[in-house]
Every structure is written in C-alpha cells, then in structure tokens.
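I am attaching a structure below and will ask some questions about it afterwards.
Chain IDs A, B, C and D follow the sequence of writing; residue 1 opens each chain.
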Amino acid sequence: MKKIWQSSTGTLNKGVESYTVGDDFIYDMVIFPYDIRASKAHAEMLGTIGVLSEKEVSDLSFELDGLLNMYERGEVELTPEDEDCHTYIEAFLTEKLGNVGKKIHTGRSRNDQVLVATRLYMIDSCKKIEERIFSLVESFFAIGEKHSWIVLPWYTHTQQAMLSSVEHWLLSFAESLINDLDFITSMRKILSQNPLGTAAGFWVTFPIDRDMTAKKLGFHKNIVNSIFAQGSRGKFESLYLESLSQIMMTLSRFASDLLLFTSREFSFFSFPDSLTTGSSIMPQKKNLDTMELVRGKTALVQANQATVKNLAKGLISGYHRDYQLLKKLVIDSSDITLASVEVIFPYLENLQVHSENILSSIKKDIVAADIANELVEKKGMSFRDAYLQVKDDLESIDIPDYSANIASKKSLGSAGNLWKELIQKHFSDVRSSR
Amino acid sequence: MKKIWQSSTGTLNKGVESYTVGDDFIYDMVIFPYDIRASKAHAEMLGTIGVLSEKEVSDLSFELDGLLNMYERGEVELTPEDEDCHTYIEAFLTEKLGNVGKKIHTGRSRNDQVLVATRLYMIDSCKKIEERIFSLVESFFAIGEKHSWIVLPWYTHTQQAMLSSVEHWLLSFAESLINDLDFITSMRKILSQNPLGTAAGFWVTFPIDRDMTAKKLGFHKNIVNSIFAQGSRGKFESLYLESLSQIMMTLSRFASDLLLFTSREFSFFSFPDSLTTGSSIMPQKKNLDTMELVRGKTALVQANQATVKNLAKGLISGYHRDYQLLKKLVIDSSDITLASVEVIFPYLENLQVHSENILSSIKKDIVAADIANELVEKKGMSFRDAYLQVKDDLESIDIPDYSANIASKKSLGSAGNLWKELIQKHFSDVRSSR
Amino acid sequence: MKKIWQSSTGTLNKGVESYTVGDDFIYDMVIFPYDIRASKAHAEMLGTIGVLSEKEVSDLSFELDGLLNMYERGEVELTPEDEDCHTYIEAFLTEKLGNVGKKIHTGRSRNDQVLVATRLYMIDSCKKIEERIFSLVESFFAIGEKHSWIVLPWYTHTQQAMLSSVEHWLLSFAESLINDLDFITSMRKILSQNPLGTAAGFWVTFPIDRDMTAKKLGFHKNIVNSIFAQGSRGKFESLYLESLSQIMMTLSRFASDLLLFTSREFSFFSFPDSLTTGSSIMPQKKNLDTMELVRGKTALVQANQATVKNLAKGLISGYHRDYQLLKKLVIDSSDITLASVEVIFPYLENLQVHSENILSSIKKDIVAADIANELVEKKGMSFRDAYLQVKDDLESIDIPDYSANIASKKSLGSAGNLWKELIQKHFSDVRSSR
Amino acid sequence: MKKIWQSSTGTLNKGVESYTVGDDFIYDMVIFPYDIRASKAHAEMLGTIGVLSEKEVSDLSFELDGLLNMYERGEVELTPEDEDCHTYIEAFLTEKLGNVGKKIHTGRSRNDQVLVATRLYMIDSCKKIEERIFSLVESFFAIGEKHSWIVLPWYTHTQQAMLSSVEHWLLSFAESLINDLDFITSMRKILSQNPLGTAAGFWVTFPIDRDMTAKKLGFHKNIVNSIFAQGSRGKFESLYLESLSQIMMTLSRFASDLLLFTSREFSFFSFPDSLTTGSSIMPQKKNLDTMELVRGKTALVQANQATVKNLAKGLISGYHRDYQLLKKLVIDSSDITLASVEVIFPYLENLQVHSENILSSIKKDIVAADIANELVEKKGMSFRDAYLQVKDDLESIDIPDYSANIASKKSLGSAGNLWKELIQKHFSDVRSSR
C-alpha cells in the first residue's frame, strides 16, 4: 500500500522501508480497535462542528463499526506493506466511501492519532489488570484464612529470625497488591488526558471541539499545550510501566518465596504435578518453572521501563521516530503483566502447606528475642542487657510452644493480630477511589 | 563504637567491617534529623502507653532536641566506626541518661527505625522539590509572557515542521512540570505510611500505639502487615525515584532544546557570559556545560531507579542487607534533582531571544501544511489531494507573514491560542490537591 | 506434542503450559539449524566411542540433513505445542528411525543442547556481523576519499570549535568500527568453548569424547567444569551483547551526526528522496526516520544487555528457567544490529555534501585557537597568555582561508594529516587476527 | 582558583559553578597521579622535539616528582574551587616555575589530558584487579582440594538434581574467574591506546611525537583519528565496566550460593563469628551481610555500565560535558570490584563444611537419573524408556552410597573427574597471554 505522504513519483528504498516498518505492524494490530474508537469520536465531533454532514458521519460510523466487527472476528490482517493501522483504517474508509473516507483525516495528524490510540490502550490495559488484581487480593485473603494460625518461621538475611504464620505471610502480598492498585489507579488518572486536536504538535485549522472528544473517549481532561502533547511521550509510558513494574515486583517476591519454600531442604510447601514441570534427564524433578519465569519476566518489564527513559533522554522537543519503539515496550509489558497475574491464581489456590515440615525446621532459638522481651517486661531489664544475657546462653532456651508464641504476638500487624480490618479498609478505599 | 549486637567477646573481621559499613555513614548524616524526629515521637508514645515515665519522656525529648541543635550547628560527625546514625543516637542518649537512654529501643528495631527515617526523608524531599517546581512553573509562565508572539519554527524529526512561538514552547514545560507535580503529590501520599511498630518485620511485645506515632509524624495512614512493611523496600523507593525521574525528563528536554537553539547554526537564543563556560584551548568558546550536565544527570537518576529494582528483584521476603544500598540511591537522586531544578532558574530568567536569527532561519515551505489546509477549507478539496498538490510545487509558495500565520492558529493549545486559562486551572488544581 | 519428561498420567495445567512456552517457539526456529549441527556432531562422536553403530550414525546423519533441507526450504513449522526445537528434532528422528532416534539423547541433556546451539548461533551471528562491518569500514574509507579536503566545522559542546574536514569525520567512524571489530573478534574467542558433555551441569555416564565434538563444531576449547558450563549463562550472553552494543554505539553516533547536519539550520548534508520519509500532514517534510531508529534501537540493544545481567543477578548456581528468557534478548539484538549495520550503507553511499552551506555556516572565530597557537610559535608567548590576548579581541580576527587552515594541521590524526596508513594497519591487523 | 579559560573580567554565576563542579574534585584526587605521569611523559617528549629546553624538562620533571610525593604523603587537597586536578597541577607548576609551568600545556588540551589520565587509571585498575583474581583463583583451587570428595547435592531450579561435590562446586568459580581474567586482559589491550596528541579532538600545532608518549606511558598503540579519540568516550568505559561486571557476576553467584547454603534449613556451611554480623533485636542471629552486599553491589556495577551507555547514546560526535560524569562511574565501580574481590578471601578460607548435614539433606531419588542411565547401559533400554520406568517408581530406589556415586562419575568436568589439569592449563594460558 502506498504511503499517504508519497507523491506519485517517489519510491522508497526497500531496505529503508523494511527497517522503518520493523515489527510495528504486529503491535499495530493491538492498537487497531483503539484507533477505530478514536476515529468514531473524531468523526462525530467533526459532524457537530459542521465539517462533516450527518450522512457522512453515519457512513463513517457504520464502516468503522463494520471494520471493528471484522477485526474482532479475526478477519483483519495487517502486513508490513500497510505502514500502520492508521493508514490501513483510512485506506479502508476511502475504499468504501471515496472522498468521505479521506475527510476523516481533517483536523488530525497521525501523531495525535497514535497518541490517542496508545493512551486508550494503556488506560484499558490498566483497567483489565486492576480487575484481575482485585480478584487476586481476594484470593490472598481467602487462602490466608484457610491456613490461619499455621506457624511459619520468618526470615531476615535468609536466616530464621522470629515466628510468624502462613496467613501473616500471605496477607503481606494482599497489602502489597492493594498498594499497587492504589498506585495504578491514581497513575491512570494522570494518563487520562486527551491528546486529540494537538495534531503533530502544532495546530489544526478547524475549530475542533476538544472537550467533546475528551468526553466521548472518557478522558478526565484535555492535555493543553500541543508541544507538550508530543513531549508527554516517554513520560506517560514510563509512568504506566512503573505501575506494571510495581505489580511484577510483588509477584516476583511471592515467586521467590515459593521457590525457596518448595526446595527439598525447606519442603514447607508443595504443588500438584499439574503445576510443576519435569526434567528430560532426571526422573524425580518437579520444578516450579512458572515461578522462575515470573521472577525473570519481572526483569523484562523493569528493562522496558528503563528503555523508555533511555529512548527519550536527550531528545529535543517534538516528535522523533525513536518514539515508535515505545509501542512494543508498552504492549509487551502489558501482556507479560496480565499473564503473570493470571498464572499466580492456580499456585495460590493449590498451595499445599506441610506444617510438620515447617515445625521440624524451626530452631528453638528463634524465640530468643521474645525471651529478651520477657526479661524486659517481667524483670525490668533494659532491652540491651536482656539481649546480651540471652545471647550468651542460647543453648539453655527451652523448646517453646510455637503456636502459643505467635498467638501471644498481639501488636498490630503482627502474626498474632493481623489487623485485617485495616487492610480491608485500605482495600475498599482503593476500590471506591477508582 | 561497639555494635549493639556484639557480645563482650566478639570481634568482627576488619575487612568485613569496612566492607559492610562502606560509605553509609555519609548518607546517615542526611537521615540523622529524621531519626531524631521519629525517636521523639516514639518516646512520647512510649510515655502514653506507660512504658516510660513522664520524666523519662521529657529527658529523652530534651536530649534529642539538644542533639538536633548540635546537628544543625554542624557539631555532629559520624564516622565509619559509629555503625550508623541510629546506633549513634542511642549511644548518645545512653551516655547522657544511662538506662533511660537504652529504653528508647523498647518496641522498635533498627529495621523500622531505618524505614521510618528514610520515609520521612523522602516525603520531606518531595515537599522541597515540589516547592521549587511551583516557582519554576511560575517562572515559565512569566518568561513566556515576556516573549509572547515571537515566532519560533517548530520541529518534528529535528526538521522544521510548522510555525510556533517562543511562549508556546515555554508553556509546554510549564504543563510538563504541572504533570510532574500532579504525579509527585499523589505518589507522596502513597509513601506516607507509618512503618513504626513493625519492628524487624515481626512484632513488638508492647502495646505500641501505631496510630499515635502515625499522627505525630504526619503520616496519612499506617502500613499494616509487618512483613509487607519490609516488603515495601525497593517498591517505595522506586515510586519516589519515578517522580524524580519524571522531573528530570522535563528538565532534560528543556536543556536539550537550549543546547540546539544556542548552537552557532541556530543562534536562536544566547546567554550572558556568567552562564556559559569556556575552553582551555579555544578562546571563542561559550559552552552550556550546565545544560549538558542536566541532560547527563538525568541518566544518573534513571539509573538509580533501575538499580533499586535490580537490587530488589529476586529477593525473598524479609530484610536483606542489599537494601542498605537503597539509601545512597535515594539521597543522591534527591540532591541531583533539587540542584537541577535550581540551576534552570537563571537560564530561564536570562534567556536572550534573537528573533531576527529565528526569522532568517525559517524556510518558507514551513507553511506548506497551512496552505494545504486552506485548499481544504476554501476549495473543498480533501486534505489528501490538497497535500499532494502542495507537495508537488513547494517552490512556488509565497513567503508568508509568519506572525500572521501563528496568530491565525486558533485551535486550542496551539501557538495562536495558548489556552493558558486551562493550564492555569490544572496548576491550581494540583496546588489545592496537596 | 507430549513433553519428554511427562509420564503417561500427567497433565499440565493449560495456563502453566502457555506461560512457560511463551513465544519461545519463535526463537527456537532461529536456533533450529544449530541444534541439527550439534546433533550431527554428537551422533558422530557417539559412533566413534561405540555407543551407536556405524549404520545408526549414518541413518541419523541422513535424517538430520533431510530435516535441515526441509528447514531451509521453509517446510518446518514449530508450534507452541512442540515445547522447543530440541524436542521437535528428537521426535522427528524417533518418528523416522524409532528407537535409534531416541538414542541420540544418550550422553546429553536439553541443558547442554540449548547451551551448544545458542553458542553456535552467537558465534555465527558474530561472524556475519563482522563480515558486514569489514565492508562498512571500506565504505567509510571510500566515501571519505570521495569528499577529501572538504572543510567541516567541528564541535565540542555542540558549538563550533575548530575546523576539520568531511574525510576526517568519516574516518572517525572507520576507526571506531575497527575497534568494534577488534573487540568482537577477541570476545568471540571467549565464547568459543564447547559445553557439550556437561549435560545438565553434572555428568554423563558414557565416556563422551568432548575434544571430538569441540573440534567438529569448531570450538576453540572445551568449557571444563560442568557447573560452570551452566554458570556461564548470562555471562557469555552479556559479553556477546557488549560487542553488539559497541557497534550500535558507533552507528548511533553516525546517525546523530547526520540528523543534526541535515537539519534545515545546518543543511551540510542531504539525501535523495528514496532515503527520506514524509509526513502525513506537512508536504515539505523529508525526515531521516531511519537514523532516528538506529539511535532508538541502540537503546534496545543496551537494554537487552542490562536485562541479561538483571536476570542472572542473585541466582544461585545451576540452571533456572529464568535463563530461557536470554534467547530472545540475544536473537532480537543480533537481528537489530545486523539490520542497523545494513541500513547505514545506502546513507553513506548517497551522502550529498553541500560545501557552500558548510562554508557559510562557519564563524570566523573558529580559528581563534589556531591564532593563539601562532602567537606561541612565532612570538614565543606562553599559550595561556596568547589565549587571553585572542579572547579579548575576537572581532578583529581576519576571515581566514579555511582550506589552507585545515591543510596546515599536520599533527598525526588531524584533518591535515589523517594518518590513514596507521588506521589501515590497524584494520589489517584485526583482519589477520580473526 | 581562577579557571584557565576565564578572562580577567568574567565572573561565573555561583550556582552554575557549583553545579558544574559537583563532586568531581573528589574523583580528580584519584586521577591525580595519572595526570602527573602523563604530564611527565608529555614534557619529556616536548623536550625531544625541541619545544622545551633540557633544563625546562628537568625542572618540570623535578616539580612533578615532588608533587607526586606530596600527593602520596597525603599533602595534596583538591577543593571545589580548583576546578580539576589538571588545572591544579598546571597552577602548581606555574607557581613553582613561572612561564615554564605554563608551557607544559603546549600541544595538549584538557580533553586529551583527561582522556589519557582516565585511561591510565583504568589500565592500572585492571592490573590491580587481575592480580587479586589470580590469587583468588589459587585460593579456590586450594580450598577445593581441602574439601575434595565431600558430597554436595546439586541443583537445577533450586531443586536437588544430581550429586556433585564441594570441590566440583568450588572449581566452577575458579574457572569462571579464569574466564573473567581472559576477558579483562584482552579487553585491557583494547583500552591501551594513547590519546595524547589528539587535543580537543582536532589537532596540535607542534610536531608532537605520539609514538614517543605512547611508548613512555606503556600504551600498545596510538589512537589515530582525533575525532574518534573523543568518540571513544563512553565506549571504552563501557568495555572496562563490562569486565568489572563479569567479575561481580562471578562473585555474586558465589555469594548467593553461600547465603542459601548457610541458611538454617540447609546448614551445609557455616562461618566463624568474626565473619558474621548480628541483629539489634534477635540475639541468635548470625547474618552474612557481606555476601548480601556483594550481591547488591553487583547491581551497582551493572547500573554504572548501563549509565555509561545511556549517557553516550544520542550525543553527536565531539566532546560534551555529559562525559564528565563517566569518571565517577568508573572509579566507584573499580573501588567496589576491588573491595568485593578482597572480601571473598576470608569467607573462602574460613568455609566450614558440615558433611553430616549435607548427607542428611539429600533425598535418595537424587540418583534417579543415574539409575536410568544404568538401565540404558546394562539393559540396553533407550534412555527415554528407562527414564519413564524410573519415574514411575521413585519410592523403590535403594538408598545409594553417595560417595561411590560421585566417584563413578568419570565424565570430563564432572564431580568424579574434575579435569583439573585442563582448568590449570587455561589458567596458565591466561597468565602467559598478559
């Protein structure tokens, strides 16, 4: 397909063409429906301000709807020759409607088209991810309750430190995800700024009604300055990827814990065969490849954010083709994050807890700090003195009742007092702030 | 100074000691006053719940205030032997008050001490940076007005694209910074969670009143789960650094523009000698080293955020010494960002605009799109056809009146209609949301 | 296709399966021929040590050759169900040869299979890239000669500093690429270590002849320790990506220079329409999108290297599934680098130099340092004094003969004395060291 | 101190001055002796070509030696006012020798001064690090021998996979370090290119003898093109940091293994109290903070390399002040790497191996693959069939003789056949290639 900007005589060097297109058409297939949505809103607005007739608007809307249906039925295929989804959609409309099809480009540029479609995509991606995280938090609550009061040694420096419980541990992820939700929802509001009408960073001749397209597309407000609209590239993608990266950090922590706790030497937890993979050479192996990949893919999302920043750094204001590369970084990260959230569910739901193994792994001096605290409370010693006294004779500690120990830990947010009502409150706060 | 956890007989390998301390004591000097503040709140709370007597609380408060004064007068010096500021402060109190000094450690661990002090530091740093950005936005507004209606060619792909104006360009940074403010203030609320009372991630024996310390220290809420309190390490620092990195991206864009526009070939802008540096070998040189450093230091802050994530990735729950390295990344980035915001002011205020150079640099075909738009409007051509007609005869374009051209660009957010009232509204919205 | 490690009863959770496979099968299509090559060498070696009969070896070789032909004709298609290319190839052999097909797995594990195939791929990729860079260096030499003695102002801090020449500038890239070649070839020798026979990091029962497979596959030596063979993952990929990243840094520098020098304000160089792209909205635009993408893709390769390191950091010894993600990072980077080297050729060959524009851009005080040097030479002043004298009266400088100026710069490696014979010597040194 | 490039009337804005100087003077204290060394070589060369008299050369040499002595006795202190060490040194010479002191700047620029000093520093740093790694490899050999034939389960996916031995494991680090040595020494040869005489990227008026300074300073060759001399910034630093990063990856792997193997649940190894640190709250804790910091600091060095690339990306040819920031990244990384190599020694030398704990941790099915292999060898089954047979009845495996098991693993590079002579050969190869 001929590029829109090509005059009749030009031919673009083949190598240049293939280098500039790259694998962009793959990612444009993802952006496709968002351009349709924005194009409809744009056409309707052009109708309202009198640039298009009512008939033209309804023809364009009809064809755009039809194209969306085709897309959803898998009947649209972009090829490297199509340049991008925006060109494809305009060419489709022109083929169907002739001159009217061409008119949809009035008052916009490919630049604000890409901006608006990508932004709608990111906002949508946030919402999808948020939905699944709401479910995941509930799952952490539920599985926590299922294993309530099961003792778990807890660690600093990968060394047994004090006693905790399985539910205490699981709730830490619930709260971490609630924080992630808090962040992603407030960040999403910053993303929600309508770039339509900023064209290539300059202006449009027609009295575009930007408030109208903002409203039709569900944006919170308009981005104002057309140079900043372009300047938000890189910045907004980085914000978006920060929220994904925060989620991956939470999941990666959970994955790392599982990998350690399911090792032969720990054997605190196990999983059914349907959730583990084997080895081509060692018949006994049951590996948690999935959790290793969650950990590894965390690095990918982190890298995608760093790349966004590296790409943008040092560029002067205005559009540069470097920004084309942002799309892949955003879409890949969205896919990774959504899939990673999803893959956690079966592991959480099928977590098998082996409390006998846990108990036999605990070393009695794990209560040393508790004993020191007792000396403070009951004998009025300073903590420092109590600490040193206990440290000097760890062997003489009596084997404690571990369950009683955690039950007695009544401070807020600890294993004996999970303060669930406050976590729940934070959870419903974030839900209602969306 | 002896480590608090050392019994009388132990000696730590010298190499191990120096490796673990590193340059941490330098950064602990920065954290110092925040630990004092948290220690006072903790002591007062211990008084309220009856762990300390009224007298003990007032003695501790008195000594902590005295220490803060000494600190502010520059009379405190941490050395590598002091381990860290937390140990130093406790040792100071113990020296002054004996046993009472030791009691301040009741119900807390060095872990939640570090967490609370670092968090207070980050929140404070945000507020300081926000203040300066509020001023900087105002400065961009003011300097923009000063140069209103001065034509500036604008660029895509570093090629002249359409006409814009100096004020249009300057307002793009104002809006970018307002977005940065929006982000940093909403992010700061997420940081604002009290970790005091989560000890080393487990519990405390005493019925600590966490709401009270939260309130005394100005936190929005309590972090609940004590394992998550530790788990927030890395995550919160990354959020914080994202907001700094966003600011640096805005400044770096401004710096990059200045570097191009002050080159001999552009000569659009210049600066007085007091803001440029010379060369040891070339007498004619006037370099904008500062702006190059703003651009370069943007990479440093970006790297610090990426490092935070790399540090945390793959670690199991619970504290690890790796987290000690976060402090430097946070403090260095805060210093860089604050200094970089500061250094922008004189360049903005002393911007010399050479409109004659600007005008002579503009190539007349910069209005090609405007002419095509005119053909659409006046002759009813489709934009695509108008575009091709203009493209085929660029040479025949008449030299336009550039000022009239930008004045006619009335679309919202463009050079002829800056929509300043909406930017101003966003500015006051972010101010009132703090 | 059933996984090799699955017993008859197991079924793997669908979500787990699709998460672990990911897009790996796409990258396994690239690795495919390298596994065939390694499999042939392995089979021949098994024949020599008597594990396979002569007939079995020739049957396996025949089928592997056939499969390679199919692959090269595009008749092989991996699907997510195939697990990976290694499983596919074994399954193919088993289908063709029954039990003999299964025997090829004797004395190896998927782990050393992946290692050897990926390593052969990387070595091959290096060689291909090196070949193209040898040509590119020659092209820089040739285009340099074509534009010899054309004056070019040269820059520090993006400010005109002293005079140079187009050839001087072009030779800087030739020398940069020669350094890149030097590095990639010496790095490639480190990569060239045979991992076959290290299995999954442990051992093999059969008296594998590792020297034989090393020789057959063209490796410089054997990797010895089987735990280190696994431990080299991440490390070797990082080395490889460093060499690609070095090349991209050179290309990106060239791209950045072109982007500046072809701007309207510089207009030093231009390119034919077949090498520039247009704008959908501005008829006059001729953009160097390709060079912007070279610059942007440099960030991608940099990020891929950083990701490799992040992935590996903190993992204990032994294989982890995280390492699966290395493949994509390596292959994507190889594709990017090769395509980027390739796309430079037409720009170099079609570089249009506008010396009149260059000359009119030069500000006469560009020779200030030269005048100061003259004062040193002719009047015996110290350089510092001469410098200050010239600086105080820049306006009085006579407009110099720029051509004579660069001709007089006879110091080695400068515009007037390019010292080409030494660059050529370094070039032939690196060629002969391969 | 007045900047060399300032005329008598100029005053630099204070904020600008402090922003541009930054903490550079701290790092210039490190570079200091390298500038002295390069200055001496430069002065001697100027004498040979007749620019300086014999007397002047000997005066300069004498003062430079004196200054070096002062530096080594700690009597030199750079302050932010000194601009940098190069200015300081010239000012010192001018103070001592008047006009002769100024003459040392003849034929060089601060740019090639910085380049040569930094490069000499990097080469020196490499050599120091190499020396310590040679010792460390020997230590790994020695400690390996001390624990030879002690069984150690080995892991894939953090799951017991097959049996190995303590020596096998330790030798994997020896070989990894030998590879690191191989890389750093070949990389160092690429660094070893003399930039003196390339001035600020242009030329020098005097017939500088670059071969002479190259030889005096021990460089392998001259960098030729003066534009490339500047263009090597960022590239050479990245190469250097790749070699440091490779070393850190090896150390980090060792650290990660120790952290796991010393956990209570593993208890394979332990360390004396002098090598562990305690907790302020838990009397029983013995933490390996050092190893956590080795792991964490690996991320710092990785980040420094990524920053170097980010800094350089997108810059046009020629010097930019962004490059000033490279110095800190290089020096910090050198310090971290050297200290990290150093801190490994005591841990290696004091490694306490608890073979009874190791044995009791092994699960008997760790030999499942061995049994499958036996079925192949003795019963002629295909490996795939043997694998499935063993997999279906893991419980019936007899508890094996673990020592006999590893002794029987005779394949090259495995626990039963460490192939130490080949590792030793690679070790001496790398030693003799320096």
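One rule holds for everything that comes next: a residue touches a chain if its C-beta (ideal position, glycine included) is under 8 Å from a C-beta of that chain, and two chains touch if they have at least 3 such contacts.
Predicted, not measured: the structure shown is a model, and the values here were computed from it.
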| item | value |
| --- | --- |
| Partner chains that chain A and chain D have in common | B, C |
| Chain located farthest away, centre of chain C as origin (C-alpha) | B |
| Comparison of C-D and B-D (more C-beta pairs in contact) | C-D |
| Where chain B and chain D are represented by their mean Cα positions, the distance between them in whole Å | 32 |
| Centroid distance [mean C-alpha coordinates] between chain D and chain C, Å | 23 |
| Where chain A touches two or more other chains, by residue | 4-5, 105, 111, 156-158, 161-162, 199-200, 260, 278-283, 285, 287, 289, 292, 295, 299, 302, 306, 309-310, 313-315, 320-321, 387-388, 391 |
| In the complex with chain C, residue positions of chain B that touch it | 153, 156-162, 259-260, 262-266, 278-289, 292, 306, 309-310, 313-315, 361, 363, 365-366, 368-369, 372, 387-388, 390-391, 394 |
| Residues of chain C touching chain A in the complex | 3-6, 10-13, 15-16, 19-20, 22, 105, 109-111, 199-200, 273-275, 277-283, 285, 287, 289-290, 292-293, 295-297, 299-300, 302-304, 306-307, 310-311, 320-325, 339-340, 342-343, 345-346 |
| In the complex, chain A residues that touch chain B | 4-5, 7-8, 99, 102-103, 105-106, 111, 154-158, 161-164, 168-169, 171-176, 179, 182-183, 186-187, 190, 197-208, 210, 221-232, 234-235, 238-239, 242, 245-246, 249-250, 252-253, 256-257, 260, 295, 298-299, 302, 305-306, 309-310, 312-321, 370, 373-374, 376-377, 382-385, 387-388, 391-392, 409-416, 418-419, 422-423, 426 |
